[in-house]
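Worksheet: the structure to be examined is printed underneath.
Note that the chains are named A, B, C, D, E and F in the order they appear, and that numbering of residues resets to 1 at the start of each chain.
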Amino acid sequence: MTVSPPPAHAIDAVLRRSIEEDLGDAGDLTTTAIFDAHHSSRGEIVARAEGTIAGLSIGTRVFDLLDGDVSVTRHVADGDTVASGTVLATLEGSTRAILTGERICLNLLGHLSGIATATRSVVDALGDAHTRVADTRKTTPGLRSLEKYAVRCGGGINHRFGLYDAVMIKDNHTAAAGSVAAAVDAVRRHVGHTVSVVVEVDRLDQIEAAVVGGADVILLDNLRGDELREAVVLVAGRARTEASGGVTPANVAAIAHSGVDVISLGWITHSAPRLDVALDL
Amino acid sequence: MTVSPPPAHAIDAVLRRSIEEDLGDAGDLTTTAIFDAHHSSRGEIVARAEGTIAGLSIGTRVFDLLDGDVSVTRHVADGDTVASGTVLATLEGSTRAILTGERICLNLLGHLSGIATATRSVVDALGDAHTRVADTRKTTPGLRSLEKYAVRCGGGINHRFGLYDAVMIKDNHTAAAGSVAAAVDAVRRHVGHTVSVVVEVDRLDQIEAAVVGGADVILLDNLRGDELREAVVLVAGRARTEASGGVTPANVAAIAHSGVDVISLGWITHSAPRLDVALDL
Amino acid sequence: MTVSPPPAHAIDAVLRRSIEEDLGDAGDLTTTAIFDAHHSSRGEIVARAEGTIAGLSIGTRVFDLLDGDVSVTRHVADGDTVASGTVLATLEGSTRAILTGERICLNLLGHLSGIATATRSVVDALGDAHTRVADTRKTTPGLRSLEKYAVRCGGGINHRFGLYDAVMIKDNHTAAAGSVAAAVDAVRRHVGHTVSVVVEVDRLDQIEAAVVGGADVILLDNLRGDELREAVVLVAGRARTEASGGVTPANVAAIAHSGVDVISLGWITHSAPRLDVALDL
Amino acid sequence: MTVSPPPAHAIDAVLRRSIEEDLGDAGDLTTTAIFDAHHSSRGEIVARAEGTIAGLSIGTRVFDLLDGDVSVTRHVADGDTVASGTVLATLEGSTRAILTGERICLNLLGHLSGIATATRSVVDALGDAHTRVADTRKTTPGLRSLEKYAVRCGGGINHRFGLYDAVMIKDNHTAAAGSVAAAVDAVRRHVGHTVSVVVEVDRLDQIEAAVVGGADVILLDNLRGDELREAVVLVAGRARTEASGGVTPANVAAIAHSGVDVISLGWITHSAPRLDVALDL
Amino acid sequence: MTVSPPPAHAIDAVLRRSIEEDLGDAGDLTTTAIFDAHHSSRGEIVARAEGTIAGLSIGTRVFDLLDGDVSVTRHVADGDTVASGTVLATLEGSTRAILTGERICLNLLGHLSGIATATRSVVDALGDAHTRVADTRKTTPGLRSLEKYAVRCGGGINHRFGLYDAVMIKDNHTAAAGSVAAAVDAVRRHVGHTVSVVVEVDRLDQIEAAVVGGADVILLDNLRGDELREAVVLVAGRARTEASGGVTPANVAAIAHSGVDVISLGWITHSAPRLDVALDL
Amino acid sequence: MTVSPPPAHAIDAVLRRSIEEDLGDAGDLTTTAIFDAHHSSRGEIVARAEGTIAGLSIGTRVFDLLDGDVSVTRHVADGDTVASGTVLATLEGSTRAILTGERICLNLLGHLSGIATATRSVVDALGDAHTRVADTRKTTPGLRSLEKYAVRCGGGINHRFGLYDAVMIKDNHTAAAGSVAAAVDAVRRHVGHTVSVVVEVDRLDQIEAAVVGGADVILLDNLRGDELREAVVLVAGRARTEASGGVTPANVAAIAHSGVDVISLGWITHSAPRLDVALDL
């Protein structure tokens, strides 16, 4: 089964915003002055570096939303890792549409593939451990749905999408409630029975109360390797375990050896460099 | 004079989108369960690394748009370069609003400051040459207005904002029109007298036709250092000169020695890592 | 702690839509013709029947969004059950704003209070059992966030808000996957570790696979009372249990005696009659 | 001639809002995990109770707006009254689209058919009197255009759509203006010659001034049966007459015997229970 | 009583659109480069020609929506006719806001005052006849609500606002229905009792059927003066009469002498020249 | 090459707004009552006066956005000047769609063709001078993109589209900066190298500083004919020259004889009367 794409309305909202942003009220001054409406061209979208692709359908969808017909043939699928020089898709049709949509397409494809490539590098660094790699809410404003899709394309899984789809009890919440137990209890009284509760702990002695209180996930924040191993033993399968804090491709395998179920990290979404992609006419 | 901010409507559009994205229909499940509406807190936004700040007003504006009063005192200005550990702003007021808005604020501030910091690093590498650093259209979909502001905060200038506010004649346009001269002429007949025309050349023998045709900017794409110097001589002040292609902090000073007016590069917007910023309650 | 309100952006989206719907392009033809902009009045919002209030702040917020100042004093809180004749709020200010906003305010208040009242009747019918009452996704298009808030005001809890914040495996999914175990496994591989999985079963022999596969909630659909009791024994605390199907105030206490954690029903949102509320000037 | 549907833009606005509401940023987690994009199914939309249908085209239109092709064959028309068990439409196509759109389709269809069924029950209770049944502005926020269409499907007519398309002078307006005559006169000076004026009276001695002042409709609010008869005689065909207040299916025929042209009532829109409809795959 | 303004949401929708249109993503490049955020100025909005004012509050509202405080003191009211040179309003505050909002304010004020002035010229040409001047649906896309307000400021009344708030039966409708009587009957069966029906006739022998069928307004299209007089006699007060077609300030008084209630004409909205207004700093 | 149309998103935004404005929530009451959904008609859009056409594709695009199929055959192109009586396009298809969309189509076509016709009259009055005619920002709120297109259809060119795509230094800016030179310098430091700078001068002695400072366009405001000639000599080809102020078809040729490159005037957009166009069924 392929990676599930974001909902169509979320994709189109980003694309429409991008079109307004790049074309403005005057449109593509250069292309409409040089090419008439009937001029057609053929172009190829090419990866200029090795990487994992995400956003090929999303990016090329821009040509459906612009004036002028462009047919798109995709040669790879999102989630594929490709070599530098790989032709990702072929475009044929209105030259105006191809040139006008080029930058929007490439910006999305390069950005999302950058995230997928970064995620894939972490997943591969893990080897075949049972541990999974997850993202965070440290995403680019307005692009979370698409960026979390890119993480899935890179072999990762998604942490909560927002403040609305899972509870996460952090130190401030615990302090205000008086204890982990009190915080979990307060939350359980308010939220529905389908809401997962994540409890962040930074000391081993907080774990038992969290598990007993009904946490679904114990988030082990910035613990040392030996502490992580002990934490996994303490949880004993009664909740899922997640490690976060200071994760890099270099140390991710070591962290996974602790036996945690999930390792989450922010840089795959907030600091991944763009994958170099280009359009050759 | 401080850096001019983006228009208020552009900022608020991003913030409202971010709020819908992060709060959804159910809101902040955790915070509303733990803190009542009258609970108040004090917090500090802190830089966890050295960098150039952009987006402090933009990011903290989120607290104006959420339920609950939060007063914000800013201790630095956008464009300031700060040491790791610097307190950027102090927040006082509704705990709910502070915790609910935290991630939106930090995501924007960290992203924009990352761009400002990258830009500043290139500007500083130039030394005191007369050459200026410019961005491109390789920005994140939906954030161009804010990212171009971050470039200005880092000491750079903005290239065109979109396809609509300047003409850029590239190789495809030249090929279709038959020659640089023909392309410039076609454009001049279509666009108004206030539109600047940038002509991209990759050979020195294209320059004269572009200048004579009325180009305002000659974009020298991927030329070698000696070619750049010769190009500047050929242009002879009749148009502004811009170099692009393969620019890094390491080679930017060398490129500038050619005497070009502007050096443009994409990675300051598409691949700058986030500046690490945090909220301490 | 009071019931957490929906996010402000969700409330204002409904109100702005309502204002456009009721005022159109011409505005309130009657009121602007009769009263000048400076005429002021005093009015009371009154319950004309006994019921549980929801939406008093939401409904009266309309007066903030219309031209003309109106001050609102609320005498009861959302979640309060009031007798017929109770004055819920007092309005003072612009007559134009009061009369123009009257219907929007009352439509929202009456609709949401109708849902809260229906929910409260089910919750009260349960007596003090540990079982909780939950809603469904059978809500009015565009009003889910507010209707689920009304359920909370009536003492209920919320089931998932949409297709996006929890998994629910129904018979079609099970059939396609081949078995409950296969369906749960497929889902677990795709979704993140913070997503709860609800498995709907209509036979007792499906329960063990669901629990072992990692279901967080076992939804017992249309089982008889004795089956429900047996199901609770079979689950044995390894997942939360939910009963649904044919629930009425008359049978809800009997269902609860089976020991299920949650009883969910659709009519509190899709068929609750409006609570009669009026504005007296 | 069939009942005129609401404008397409009004329908699509509701559907797009519903899709965002139900799919959010993550989409249908369950269905996309279990079914691949090419899996197809056949399903039937069935009425589980007797009732009058409204919204079959509107509800099934959701499948046009989701990813994946679904063909819809409708077997009944809006306005038809059907027996329990009637197959209303057959769906064939993408399983993902069918399951993802199911709840949005059924929520709309059930809600609108509930209103049509309630309206039809009142219309049928009237027998073949010349009197017509009308709705009010007591509708669900954001759904007025569709709910008023459902009233037409049930055999009713629409009262004004908002504050903007007809004048209604109530007691507060009369009191402020000084008299019915003064109020009608003030309105006639302000509004255009195509605007109808409804004057609400609760005493027989107010009628003559209203008619002479140019009222198009005399709304007889909460009058007794004998008063209604006398009112109709007093109006003497110089304006349309409308009765409102305390109308139920039980008394509607009696009210109609007074000879009023229209009887209006709120519960057909604000309190009609949903018609039970389901999707069988 | 002053002229009733358009609803606030209609005004703000136009203003927000105008701000996005004029400021774009980069904002006011000139003003933000020259003036810092704290620079303040004083300016006067002045009429450079004699005319009737409409849109002074609407136009100056733009300063509330831009960054920077500007206080506005209005010296005349909408509907006032002023001499050339009259100071309409004084502005004090942020220079940036005043200069950035200047053109949006003046474009609206000049456009709406142009319409008011044109309307006033027709109304004045009528003398003190009982006949009133009405607009049409020949308005500028997106500005109908504001343009119809300008007509009211000029002493006119509004025809229907759209296709939705009154019926107008024209020749095509009559031809399709078979006769005026059949068309009126078809409409009366479909629309509610609060909807006015206008019937357009171009021959005297169509009048009786229209009146008897229940038309509220008889629109006499392009009839000669003697025909108009005869038409008024034939209608005999049983409906309102409206003349249209070829109306100019020169012939409007003559048309009014026929005794029609209303004269409608399109050029006051579609071809009125702008009133010259300026901002002096 | 034909005139480049506005971007599709800008056209559709205007059309969707127009549809909401004219159809509202109730739709076309008249047409849906008289014609059933399958009734079809044939109609012609006809010019009732001589003029230059703009907006034929834009206006008829409304039929694509309404329910019901209409095929449109266009017989002339935007930019063509046609005689009174010319059939511009033929429509065939749904009678409902044709009659419902008629007014929106004609309002746009008549408005834009009015602007094109006015522009053409000025361009023609110039004779074959090298001087070009430009518009201003004195446009109708929300329609700038389309109105500037109409100017191009009439043979004119566009001045800047907004405050964001070129700098214009006026007297207030100069005064605040201290001198023309200081103002140009301040702007050049802030804006990018692709932004054109227009400097407005009203005295000949301001020209040299503007040119030397780097102005791309010298806007000569309200200078006499002899001053204009002298200004052109002073500029000496170092910048483009533009004349504005008091331009009419009567004096435009005389102004052009001064040798200025561009003459700009506001009345072609703010005061052009509508071209009379009609739909004949």
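Criterion: a residue touches a chain if its C-beta (ideal position, glycine included) is under 8 Å from a C-beta of that chain, and two chains touch if they have at least 3 such contacts.
These numbers come from a predicted model, not from an experiment.
Under the touch definition stated at the top, subunit B and subunit D share these contacting partners: A, C, E, F.
Ranking every chain by how far its Cα centroid lies from the centroid of subunit D, the top place goes to B. The chain pair with the larger count of C-beta pairs in contact, out of C-F and D-F, is D-F. To overlay subunit C on subunit E by their CA atoms, one rotates by 120 degrees, a value rounded to a multiple of 5. Note: centroid distance subunit D to subunit E, computed from Cα atoms, is 32 Å. Distance from the subunit B centre to the subunit C centre is 44 Å, each centre being the mean of its Cα atoms. Touching of two or more other chains is recorded for residues 1, 4, 21, 23-28, 32-33, 144-145, 158, 161-162, 164-166, 186, 190-191, 195 of subunit E. A complete topology is adopted by the chain contact network, contact being made between every pair of chains.
Residues 14-15, 17-18, 21-35, 39, 41, 95, 99-100, 103-104, 106-108, 110-111, 114, 137-145, 161-170, 172-173, 176-177, 183, 186-187, 189-191, 195, 266-267, 270-271, 273-274, 281 of subunit E are the ones touching subunit F in the complex. Of all residues in subunit E, only 1-2, 4-10, 144-145, 148, 158, 161-162, 165 touch subunit C in the complex they form. Subunit A contributes residues 21, 24-25 to its touches with subunit E in the complex. Residues 16, 19-20, 23-28, 32-33, 36-37, 66-67 of subunit C touch subunit E in their complex. Across the interface of their complex, subunit E is touched by residues 1, 4, 132, 134, 157-161, 164-166, 186, 190-196, 198, 216-217, 240, 242, 261-262 of subunit D.
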